[in-house]
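Order as written gives the chain letters A, B, C, D, E and F; numbering starts at 1 within each chain.
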Amino acid sequence: MNWVWFHRFGSPPYFYSVAGRIVPWLAWPAALLMVAGLYGGLVLAPPDYQQSDAARIMYVHVPAAYVGLMAYVVMAVAAAIGLVWRLKVSHAVAAACAPIGASFTAVCLVTGMLWGQPMWGTWWAWDPRLVSMLVLLFFFLGYLGLRGAIDDTARADRASAVLAVVGVVNVPIVHFSVIWWNSLHQGPSLLRKGGPAMPASMWVPLVLMIFGFTFYFYAVMLMRARAEVMRRERGGQWVREVLNATGDKP
Amino acid sequence: MLEVSGLHLWRGERHVLKGLSLHLGAGQALQLLWPNGAGKTSLLRAVAGLLPSESGHISWCGLAVSADPLAYCRKLAYLGHELALKGDLTVLENLHYSLGLRGGVPAAQLQATLQQTGLQPLANELVRHLSAGQKRRVALARLGLWRAQLWLLDEPVANLDAAGQQLVAAAIDAHLQAGGCALIATHQPLTLASPGNRLWQQPQEPA
Amino acid sequence: MLEVSGLHLWRGERHVLKGLSLHLGAGQALQLLWPNGAGKTSLLRAVAGLLPSESGHISWCGLAVSADPLAYCRKLAYLGHELALKGDLTVLENLHYSLGLRGGVPAAQLQATLQQTGLQPLANELVRHLSAGQKRRVALARLGLWRAQLWLLDEPVANLDAAGQQLVAAAIDAHLQAGGCALIATHQPLTLASPGNRLWQQPQEPA
Amino acid sequence: MSSYWAMSGYAAYVWPSVGLTVALLVANVLWARQLAREARAEARRRIASQDAS
Amino acid sequence: MSTPATAWSAAALVVQRDLRLAFRRPGEWLQPVAFFLIVTLLFPLALDPEPARLRTLAPAALWVAALLASVLAVEFLFREDGRDGTLEQYALSGQSFAWLLLAKTLTHWLLTGLPLVVAAPLAAMVLGAPAASIPGVLAALLLGSLSLSLLGAVGAGLTLGVRRGGALLSLIVLPLAIPTLVFGARATDLAIRAEPMDGSLYLLAALAVLALTLAPLAAAAAVRISLE
Amino acid sequence: MSTPATAWSAAALVVQRDLRLAFRRPGEWLQPVAFFLIVTLLFPLALDPEPARLRTLAPAALWVAALLASVLAVEFLFREDGRDGTLEQYALSGQSFAWLLLAKTLTHWLLTGLPLVVAAPLAAMVLGAPAASIPGVLAALLLGSLSLSLLGAVGAGLTLGVRRGGALLSLIVLPLAIPTLVFGARATDLAIRAEPMDGSLYLLAALAVLALTLAPLAAAAAVRISLE
């Protein structure tokens, strides 16, 4: 196993420049995929035979849910790497994941409620899937709160990293809650034995949206992480070089 | 023992220390008499490691303090504007808790110091019930008992009466004689007996 | 104007002031140089009406202060160890709110005072971001703008540099010239130009 | 067309969902760019003042 | 000599100051609402979430949560101003001390009590209260939270100088708050059952008026003692 | 050189020290029980005290009160020892840090969790639970309060160096505590209805064992960080 790339990527200047080069390669595909997915989902896909046009909420609800969960996993993994190898860049990545993940989780919750009202006749139910997703939001908020409450950056990094790692137990609970408990919420319909339980005109836009959201997440996350890395090293020599190289461009 | 070079310090948008350098050997004291807002407190806190500096180098006995911050912390004593005393604990309790951090002191020594600083009759009084100068004296007693090598004192004679000010000067002299060193921010120059005593009037001039 | 007679004061189990009397006429200042814990702060607080006294009489212009406490309060300004400044408000906001309670001041006068105390460049800074001496200066500016007749100052020059200490002395002189009077607790005697300036070394001796 | 926007009666649920999502997507991008700008501006200020002294 | 400020302008200044400070530090007034919401959220989790059963619990859960949130919040009402000398200056300002503390307490209510009222529809829905009952629930909580803040101010004044005041504060305030709790929960119960609730609301209003007149005097006396 | 203490004797020392300290300051461990009792007493006051109705709410009221009391108590678990350097000494003692913190946490549970269990019969009776259900209620609370103390220790470790840590602590601990709350309340409900509750008790026991093995490790990591 070659660990060189790992240590290289852990050095702030290298991360800053490589991430800067990757961002456009993520951002533009993300934009295209999301436009295509939204058009496919909101216009081309046929109304669901049971839920009619309300099912179109799926095209934002499901990708937001997936990306919210993924953001938590990425955050926890980055935090764990930061804890073990004491990589600043890794902590910056974890810190960058949290606000984005929290907003996707919130989107999933709100769109789920907006979907639940017409389908289940209630905004909210005390269902394992719903509650565990709410708990995921609390973990994000707790992470952000803990990070905000500690002034010393290094200590904030490590303390919030422990919380991120502890909270990861919640992720499988969110995902499998519909299987473990009998739930009001829908079971898996996309990734399941025997293929998706819907016609291609419905699942293809959904898949596009999921990929679009994923690319979007990584793009914005890297943007935030770059800013965070620069903020931490603002007096350093490489920052001076980077700024001189980019000139006065904002 | 303490060596600071090329220290730049920012407070918010204010560039407070611009490439400051200083040197303190064993038995030396440096009194900063800079005007209000010139950055005395900021410098002391940076040296104590409480404020991160943008750039510059701080070393102790030739070793960069960032190499082993814990070991360095054990060598220094910082006395700031805030005295870090709990109003709801008695004088003795306050001393006990803050000395415990550094390994504690024998009871006899504690009593001697209390005697010296005039705190004997107040030993079991809540700190909340002390006058401003009496609180300062508690902080002073703690300072002496910490047995640190580097003293960072921020206006140590504020609130103290004439006798108290002499007490501070005597304590610093004894500390220097024992081979310690001290960086002191003050607006009233202390008259020290030690030869290693220097005054620094303006941050622009070199020390 | 201020007349205190036979004042007894207890703090907890401690009999701090034992039958103290003093008189302050218009244009007079009395500097208390008592040692730490002798009861300076307690006396000032008792005169301000913040501490109830066991026995004794305090009168203002011949009238017992207990007769109309509110009117008496409007005549006095108390500056204690705690500065009553909010760290999360700017200098101007702090001044605005504390002056407003007493009727406010014209903007021109506010600017002039800021200029004088060297706070002009810091007017919109949060007080949390000021140095200890700069905070003191804000309190000093407020004191001048309150236009009270009786000043009760508790260690007004603590934390101030030499220029700041002169500022305080000048402010007190101007206040005395305008017919005010001042009771000052301090450990560094202020050199005042006014003839009505007296020092009081020990609480046991009469003023 | 208006029948499309009506979403067979579910417009009040579908469009707020889509709107909220799009708004948050845009806001997150703007927020990240703002952070990057601030970080760079601050670093530039510090370096300039350090060079000046 | 400038003319002294009128009582109203002095109160307005106190209110403005505390509002501005609060906006500089949103954590402080978001905390009680967050606590209120979390506690109400715990109830459905602890019961099995059968709507009818939840609904019977709703008044008690709402009011106990509101009471606890307000007791936790009021701990900070005078704490900082006492420590940094502001209360001293208020006492010496030549204005009525009780009046200034009343202004302070009402601002505190605006910042911590009113958000509870605003969050209450959400909490009530979580607990399964029907939408039609929300106005009644809000009215009861509006009056009740006002009384709770005022009573809390007395307790906060009494425990101002006390070591580890939190526990003592709840022991002092909770008994004082029992009438408000009882009538408030009854009013809420009636609202949820869609029965007429005027009587209870009048009682709550009477309690609020009583608190409004007496609590500032008691609080002023209490704060003065701890300033000594 | 003295021989190093065995793990057991070191833990015994920690437990003894904390017990002795607690007996010097009874206020500290009486406070959570008092809070627990007051909160459960508030419920009958807020509801109209019709026994059947009260009884359906008893599990939720008991468990929410226990959870809040334990979160409020755990705030002080490491506070003072962190401040006066004791934790630092523990970290440098050559014993497993997690093991010493486990001893500390279990002592804390003895002092604040166990009293809740002891007070629970009273609280349960006030809430109208039948006498026959008391053993079941106690068993559930015994296991549950143990988990809550252990989870609280993780939160207390994380917020050790934080200024106004209280609100943050509850935000961190409450999500972690939800499974315990859910299963504990369910077990209590079954006990009150005189139905078999073994399943829920086994689940609670499983949660407690899980917490017992993992929480000390997480707490030790968290405390170490705030000592840095």
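Definition applied: contacts are C-beta pairs under 8 Å (C-beta built on N, C-alpha and C of every residue); 3 or more make two chains touch, one makes a residue touch a chain.
This one's a predicted model, so the numbers in the text were calculated from it and none came from an experiment.
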Chains touching both chain B and chain D: A
Chain closest to the middle [Cα centroid of all protein chains]: E
Shared interface numbering between chain F and chain E [over half = same, under half = different]: same
Geometric centre distance via CA averages, chain F-chain D, whole Å: 43
Intercentroid distance (Cα basis), chain F paired with chain A, Å: 34
Gap in Å, rounded to a whole number, between the CA centres of chain F and chain E: 29
Whole-Å gap separating chain C and chain F, where each centre is the average of the chain's CA atoms: 51
Touching two or more other chains - residues of chain C: 81
Two or more partner chains touched - positions in chain D: 46, 50
Per-residue overlap in chain F, given as positions that touch at least 2 other chains: 164, 171, 174, 178
Touch list for chain A against partner chain F, complex: 83, 131, 135, 138-139, 141-142, 145-146, 149-150, 154-155, 158-159, 162-163, 165-167, 170
Chain A - residues contacting chain E, complex: 123-126, 131
Residue numbers on chain F that touch chain A, as the complex places them: 154, 158-159, 161-165, 168, 171-172, 174-176, 178, 218, 221-222, 225-226, 228
Touching residues (chain side chain A, partner chain D) in the complex: 34, 38, 42-43, 47, 52-54, 56-57, 60-61, 64, 99-100, 103-104, 106-107, 110-111, 114-115, 117-118, 216, 220, 223-224, 226-228, 230-231, 234-235, 239-240, 243, 250
Of all residues in chain B, those that touch chain A in their complex: 8, 54-55
